[in-house]
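Chain naming follows the written order as A, B, C, D, E and F, and within any one chain the residues start at number 1.
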């Protein structure tokens, strides 16, 4: 199961490097914006990183992007979102986005379980 | 400005009634699910209503549904989300969903300002 | 209420003419394909016009195109689809496409009622 | 070719169970709604299961969800939709949804042929 | 007809200012990126502003964003794209995106004609 | 790397034949329209094949269709679009369509590099 995570991360890292190597300024800035948008600002009255990652997860889910879902699931797991909370975000995404989201939900649950299995073995 | 809010709510309420009058079981249940999905479960280890409404808002924004954005902006305002937090949710939605979301952002900002103006006059 | 129907049809007819006037071969052929795709082929073992119009309606609804919904509602009404059937198609579209479809459902119900009102007065 | 069908069904069944195991009320209800929405109501003046499955198929196709298309193709085959009718539904979905749907059409045709091959060998 | 253009521009300018006033760094940078992405780089072996605006127009059209279409139509007109070229871009967008794009095509043609009418009177 | 290209083309050709074999008139005409829409009309004041293929590429990218992206990348390579131009089209598509497009960008860059590698070895 952990292979699912490693394969995803390896391809993602490798191709991101090749994209940045092309030295297109607009693409580089879009990549940089990600870091800013998901930063914790809860001590300035903004949103916590936990909430922001849940926003990233649920928007990725309604837009039905498996890789984006995987990325934000990994981040959610890292920042301590629990399983009940993840499934509540899944529920809102499936309600808003419809049953068309269910196949992505299946793959998301598989990935989440891989993250939990890896965490327990760490 | 407050008219924007009242007109939206009046049409929404009126048409929802006519939809439910048609007595289609599936549509009725979809409407009921909404109440459940956005309920606060933070005292059971789940997500707060504030977080859930932000999920509703940001998924509506990337899916570019003005009426859904308005509905969740109203709810976000009611449950005490502040302007800085709303704009951070807007920023994530615009980053994830692209510049195609900007026209919806314009209308969302107009609606948020109407909610603030109405709140100050209340 | 009948104005809703007339305004929609008038703008649609007027602009379709201006599109065809531009004499772009690809656009003209796309317009022609519509006639073919929705033709009744039930006597050759294919689908009836009723089923085809319901397919046009429900695909328009999940893709959230108000004008397309209106067009196919008009056709559905013409070919004798009843209200119960229309709402069952609405229900499938809202289940598949999610609550994001509801604002379009509201406007669809308003248009359907306008068609019924006009029919009764005819 | 039949492996295509078995693999799809096996993964679908396995992951649906794991989703339901998580015991999220909203997700469970969304799953239940599916059964209701596609039930035959033609003896009460509603739509037949054949028409409803065609609606499920064509909405899945314009929303470009391969797994949803496969699921509804399986159901369509079960309830006796013939090849000519399936291709007419494909044609409407490709016309409404555009050439962007064609890659999904390719995979749909492959799956349909697998269903036919399996049926002939049964 | 020119009012269509002025109203669109006035609302766009006014709301963009209010968005930027909120001082959200991510939103500000997304707005800035637009200027970079559409700059002419044909003298460095890149794409001309004409081609880039056509890319902006056609991507806006398949994503069915009326305001984005209007914005890029205005830019296309400014940089000298002719009517035949505009309709060829429309044709590709309608073919790729399907008949669901047609209502947006109607409004796009109306806006293009307003731009031409205004240009002739200038 | 070249296998990526051959596998894609082989499956595409094989399934397109099976689709056309089904003899559905609407599908056949949609396939035919493609040839027309992308033809070079620059000598009649229209758009060059280079620009049209870039429109096909960028609309495919914002609609997030990997196979469509691959097809148009192959065509772009054939008609002489250079790497800088391809990345500028990628940049516009990622800006307009948002970070949800990035996973498709990764696969597009991989495919583009395969085309370049194959070209160098030819």
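Here is the rule we go by: contacts are C-beta pairs under 8 Å (C-beta built on N, C-alpha and C of every residue); 3 or more make two chains touch, one makes a residue touch a chain.
Predicted model, so just to flag it, every value in this text is computed and none were measured.
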Any chain that touches chain E and chain B: A, C, D, F
If you tally the C-beta contacts for D-E and for A-D, which one comes out higher? A-D
Starting from the Cα centroid of chain B, hunt down the chain whose centroid lies farthest away. F
Chain centres from averaged Cα atoms put chain A and chain C apart, in whole Å, by 38
Could you work out how far the Cα centre of chain C sits from that of chain E, in whole Å? 28
Report the inter-centroid distance (CA atoms only) between chain A and chain E in whole Å. 32
What residues in chain C touch two or more of the other chains? 26, 30, 33-34, 37, 59-60, 62-63, 68, 88, 91-92, 94-97, 99-100
Quick one: label the inter-chain contact graph as line, ring, star, complete or other. complete
Chain C contacts chain E in the complex at 11-12, 15-16, 18-19, 22, 24, 26-27, 30, 34, 59-60, 63, 65-68
In the complex, chain F residues that touch chain E: 33-34, 37-38, 41, 44-47, 51-52, 54-56, 58-63, 68, 82, 84-85, 88-89, 91-93, 95-97
Under the stated contact criterion, what part of chain D meets chain F in this complex? 64, 83, 87-88, 90-92, 94-95, 99-100, 102-103, 105-107, 109-110, 113
Given the complex with chain A, which residues does chain C contribute to the contact? 62, 94-101
In the complex of these two chains, what residues of chain B are touching chain D? 25-26, 29-30, 33, 36-37
